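Here the chain labels run A, B, C and D in written order, and each chain numbers its own residues starting at 1.
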Amino acid sequence: MDEDDFSKYTTVELMICRAAKELKNGEIAFIGTGLPMIAAMLAKRMHAPDLIVVFEAGTIDSKLLHLPGSVGDPRCVYGSTICSGLFDVFGTVLQRGRVDVGFLGGAQCDMYGNINSTAIGDYLKPRVRLPGSGGAGDIAALAKRTVIIMKHEKRRFPRRVDYLTSVGWIEGLDSRSKVGLKEGGPVTVVTDLCVMKFDEKDKSAYVAEIHPGVSQEMIQDETGFPLDFSRAKETPEPTIDEIRLIRKEIDPERVILRRLTKYRQF
Amino acid sequence: MDEDDFSKYTTVELMICRAAKELKNGEIAFIGTGLPMIAAMLAKRMHAPDLIVVFEAGTIDSKLLHLPGSVGDPRCVYGSTICSGLFDVFGTVLQRGRVDVGFLGGAQCDMYGNINSTAIGDYLKPRVRLPGSGGAGDIAALAKRTVIIMKHEKRRFPRRVDYLTSVGWIEGLDSRSKVGLKEGGPVTVVTDLCVMKFDEKDKSAYVAEIHPGVSQEMIQDETGFPLDFSRAKETPEPTIDEIRLIRKEIDPERVILRRLTKYRQF
Amino acid sequence: MTRKVEKEVEDKIMEVEEAVKKFISNGCHIGLGGFTVQRHPMELIREIIRQRKRNLVLYGCSQGIDADILIGAGCVKRIEMAYVGDEPFVSPSPNFRRAVEERSIEWEDYSNFGATLRFVAGALGVPFMPTKSMLGSDMITKWGISSRSRKRRKDPRLAKKKLAVIDCPFTGEKVALVPACKPEVAVIHAQMCGGNGTVRILGQTFVDEFIARAAEKVIVTCEEIISEEIMRVEPERNQIPFYLVDAIIQVPYGAHPTAVYKYYDYDPEHYAVYIRAAKAGQEAFEKYLEEYVYSVDGISEYLKKIGGKEKLDRLKADSILGYSTQIRRGEPFR
Amino acid sequence: MTRKVEKEVEDKIMEVEEAVKKFISNGCHIGLGGFTVQRHPMELIREIIRQRKRNLVLYGCSQGIDADILIGAGCVKRIEMAYVGDEPFVSPSPNFRRAVEERSIEWEDYSNFGATLRFVAGALGVPFMPTKSMLGSDMITKWGISSRSRKRRKDPRLAKKKLAVIDCPFTGEKVALVPACKPEVAVIHAQMCGGNGTVRILGQTFVDEFIARAAEKVIVTCEEIISEEIMRVEPERNQIPFYLVDAIIQVPYGAHPTAVYKYYDYDPEHYAVYIRAAKAGQEAFEKYLEEYVYSVDGISEYLKKIGGKEKLDRLKADSILGYSTQIRRGEPFR
C-alpha cells in the first residue's frame, strides 16, 4: 500500500475514524492505549478540539503533541490541567461520574457487550492468559457510556465471554442496574466489519452500520450469536484529511498502527 | 512578674516543661494548637531535636522557626518533609498507626482520661457550646499514646464527661479495645496542680507527681472523683534554660501564653 | 456533560456579585474551604451576606470566621462540621457558640478526619468511607439530627444516618462508616487560578481538593489569575482540574482576615475587632456587619476600612517563609 | 518508633546489593511501584534476581517488565494485580502469561482501581475500601485463591476474602469492598530523593505514594540524591515523607528499559530484545537473564550492554516535554 495515497485506507483506519465520531466536543473521555488513543487524537484534531482526554495513570486534559504508547506515558503530561495518579483519576474523575465516554477493547465481546481481557478457557486453568483488567473493568462499570473496539472474529464474539472482565449489559434487560450500577453501559461496538449498537429494550447487540464492501453473511459468519441487520446502514468512509492526520501527524512512528497488524492474534 | 528573671516560673510554664518531657527524640508527635506546640518546640530545642512534629492540616516534620498559631498556619510549612492536607496526615500518618504520641486538651477530663471539647450540659441543649472535636477525637482514637494537658478545676475533672469527644480508657479495664480500638490511650495528664497517670489494670487516673507547693488536699478538692496519692512524687522544676527558651525564643509574641491567662474560663 | 463548550459562550471569570447571584440560592448546601484562620473565601462570604441569602447548609472540617460570620448574619440553617473556632484567637467562634446555645441553628458533629472522609467519599463517588476514628466516642451515639428526622425530611443531601458502625467482613473488627457529603457548591480561596479554572494551592491544601471534587459546582476566588497555559507547564503542582470550576474571581486579599501562605498573614488586629463585636451580642455584631459588610462596596473599600496599605504591608508574607514577620500576634489581645 | 535515631547510627544511603540483602528475604511480600512501561525500579529488581530470592509475593496495579522478569527468573510464588503487560510493545507480558498457563505461580485479579484501593486502604490503616467498580464482573465471583485456602493458610498478609459485596447502610445500594494490602517492602523508583529520604516524583505518581505508605519498609532507587534541605524548600512538591524510607539508592538510568519522566524514555529496542527472548520460552529467557542480569556487575556494565552512551543519548528526555523525540518507537518491531 502506498502510505502517501490518502484516498485509500485500511480497515483499521476506518475503525479509528468511525470510533472518533463517538467522541463529542466538550465531553470528558477516558482513553486507553492503542486504537482509542489515535481515535481521541483524531477527534481533537477534527470535530472535538475541546474533548477532555483523561488517562488513568494520572493526567487530565493532555494536549497530546505526540502519541503516547501508554496511559502512563510521559507524553500524557504535556499541557494537562492536572497530573496526579490512579487514585485521583479513577476515584475522583471516573467513579465520581464525571466521565462521559470510555473506550474498551479485549479478546472477547459477547452479545450484551460484556468483555473478556483476562483469560480464555477456565480462569484457574486458562488456555490463554490475557493481561487482565487494567482499567477496563473500571471504565466499563463507571463511565456514562462506553464504546467497544474489536477485531471481528467468531472466537472473539461468543455468545458468552469465558471471563467477564468488563461489564456490559450483563444478561440484558435491567441486569446491569441489578448488580448495583446506576448508569453507564456500552452503546457502540466498532469492528473491522461493522458497527453494532444495543437494543433499547433487551440490550442485545444489533448491526447498525456495515462497512463498505462487507456483506451481512461475512458478519454473521464471524459472530457467535445471531444478529439483527434490519436497522443497518452503511458506515461513513474516512476522509482524506483524516487518513493523512492518522498516518502523518498522529502515529508517524507506527507505535500503535504497527502493533495492530502484527499482534492482534491471541 | 519580671519576665527576664528566668529562675521564676508560672504554673503554665511548669506545665509546658513537664509536658515536653513526654516527647522522646525520634518519635512522631501529633501536635495541636496552644500549649502542646510550645511543649513540642521546647522539646526539639532541648532533648528531642529529631522529634518529628506532625500537624493535621498537612505538614510533616516542620522546622518551626516561629510558633504557629494554628495547625494549618503558614508557619508550619517551613522546612517540612512534605506539605499536603488533612486526608494525608489523618489517614496515612495518624490512622496508619505511625504516630507515637499526641497531645490533647479540652473542657472536661474524667477519671478514665476521656475528654469533652464539644458541649457542657446536654448535647442538644448545651449550657456551653465548645468548638467541637477538631482533630482531638482522631488523635485520641488513633495515636499510640496520648498526653492530656488541662487546667485543674473541679468542674473540669468530673467523674464522667458530659460529652465524650476524645476517647480515653472509656470505662476502664478493656473497654477501649472492646469498642474496636487496637492500641493507644492516655498515659499522662499534666495539670496546673499535678501529673496523673493511669493504673495499669483498671485504667483509672492516679496522682504520679505533685507540683512544688501544691498539697494533696488542693488536688482532691479540685477533682470530681477520688484520687490515689500513694505513688506520688514531686514534679521536676523547669530549668532556667527552658524558661528562657519559652519566653524569648518560642513565644516572644505571647501568641499562646497570652491566651492561656486570659481565655481559660468556659 | 459539555462544560467546556459552555465556557465558550460565557466566560468563567466574573465578580463576586455575579458568582453569588448565579450559584448560591437560598437553602444552598455549601462546602467551605480553608482551615480555621487560613485561606477562607471571605470576600465571597461577605457577598453572600450582602445578598442576604438564607437557610444555607454549611459543610466543613475545621472552620472559623467563615462559618461564624455567616451564622452571625443569620444566613445559616444547619452546619455539619468538626470544629468552629479561630485557633489562636478565640475558640469556639462567638456567633457559632451563641447560635447553638440558643438553638437557632442545627448542627452535627464529626471529628476532623470523619468530616474530611465525608468529602473524600463525595469526591470518590462512593456512598461512604470507613474509619477507625471516633469509635467509642459520643460522636457515634449522639446525633444532632435524629434518624427519624433524617428519614422524614425530603432532603437528598441529608444522609439517612449520621454514621454507622459495622463489623469488617475481612477482619471482624469494628469500623465506623461516614456518609458521603456532596455539597451543591464548593467555595474555595486559592493563591492562583488559570483563566479556564485550573487551580493551584500553595502550602497546605487542607481538604479543598476533595471539597471541590465532591461538589456539583465550584466557585474559586484567588489572589492571581494566571494564563491557563502557564499553569499547565507543571501540572503536578495543580490541585483542581479546570473542568470542575464554574466561577473564577480575582480578589487580591480576598481571604482577609485569614492567612494565605506566601501572600499574607492572618490579621490579629481585625480578629480582635471581630471577636469583641461577636462576643458582645447580636446587636454589637450587627454594627460590625453594617461597618464591614453591608455598607461596603467591594473589596477595595473593605481593605481601606481594615487599615489600608499600611496594614496590608505589615500582613505581607516574607517571600521565603510564606508568612509575615512584622506583625505581633499577641498584642491586640493584651 | 525511633526511625530517625536509627538513621544517626546507620545511614539510609546504600547500594542495591545491601538494600536487597537487608530488606528482601525469601518469601517477602513486595509492593511494586511504577506503571506498565514507566518508572519501575529495574536495577533493584535485577539485583533481587541476582541474589536468587524465591517465593516472593508481588502486589501491583498495572505492572509490566518488573513483574515479568521476576516471574521469568523463578522468584515469584504469587501475584495480586490488575494487569501485566508492556502496553505499546506486548500484552500480556510473556513470562507472566506462560507462568499462569502452566500454573507455576498463583494469581489474583482485581481492576486497576480495585488494586489501587487495596494500597489506599493499607496506606490509610483501614481494613478495606469501598468501590462501585467491578460489580457484576467475574472479578467479584472468580477467585484465584479460594476462601477455604485463604482461611487455611497462616499468612497474615493474605486477606480472608478476595473481596466482599455489601448493601450500603446509608443508601441500600450494592458496594464492593476490597481488602487492605500492606506489603512488607515497597520498591519505588523516583526522580529525586533527599539524603534522609524525602521523595519527589515528577509527572504521574501512579500509585507509588500509597504503596509506600501502605508498606512496612520502603526502598527508593532514584536518579538523583538531592540535599534534604533543598528538597524541603518546596515541601508541596514531595510525595513521600522521609521517615517512611529505609533505603536510598542512587542509580541513574536505574529504571531502564522503562521511562522516567523528565529524565529518559522507554527503550523500544531493548523491549524488542526482551520480548523476543521471553516469548521464545524458558531456555531462551535464561540466556537473556545470563546476559543482562546474572553476568552483569552493576548498572554501569548493564548500561554498556544495552547500548552505552549512544543509546542513552537517544533515550534522553527533552527537558521541556519530558520524553525523547529522537527514538522511533515502532521501528524495532517492524
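Keep in mind that, in the parts below, a contact is a pair of C-beta atoms (placed from the backbone, for glycine too) under 8 Å apart; a residue touches a chain by one contact, two chains touch by 3 or more.
Every value quoted in this text rests on a predicted model; they were computed, and no experiment measured them.
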Field: A-D against A-C, pair bridged by the larger set of C-beta contacts
entry: A-D
Geometric centre distance via CA averages, chain C-chain B, whole Å: 28
- request: Round to the nearest whole Å and give the separation of the Cα centres of chain A and chain B.
  value: 57
Query: When the C-alpha atoms of chain A and chain C are each averaged to a single point, how far apart are the two points in Å?
result: 41
- request: Return the residues of chain B touching two or more other chains; collapse runs of consecutive numbers into ranges.
  value: 59, 77, 83-84, 91, 95, 142
- prompt: At which residue positions does chain D touch at least two other chains?
  reply: 125-126, 131-132, 173, 175, 203, 210, 236
Message: Going by the touch rule set out above, what shape does the chain contact graph take here: line, ring, star, complete or other?
response: other
Field: Touching pairs - complete list by chain label
entry: A-C, A-D, B-C, B-D, C-D
- request: Sort out for me which residues of chain C touch chain D in the complex.
  value: 125-132, 159-161, 164, 166, 168-171, 173, 175, 177, 179-180, 202-203, 236-237
- prompt: Where on chain D does chain A make contact in their complex?
  reply: 35-38, 61-62, 81-85, 87-93, 96-97, 100-101, 103, 109-114, 116-117, 120, 131-139, 142, 144, 165, 173-175, 203-210, 259, 261-262, 265-266, 317, 321-323, 325, 328-331, 333-334
Statement: The chain C residues in contact with chain A across the complex are 1-6, 8, 123-126, 194, 197-198, 210, 213, 229, 231-232, 235-236, 238-243
Message: Which residues of chain B touch chain C once you look at their complex with the stated criterion?
response: 33-34, 56-59, 65-66, 69-78, 83-87, 90-91, 94-95, 118-119, 123-138, 140-142, 163-167, 170, 175-176, 179-182, 251, 253-259, 262-263
Message: Could you list, by residue number, the parts of chain A that touch chain C in their complex?
response: 24-28, 50, 52, 59-61, 63, 77, 79-84, 91-93, 95-98, 100, 142, 144
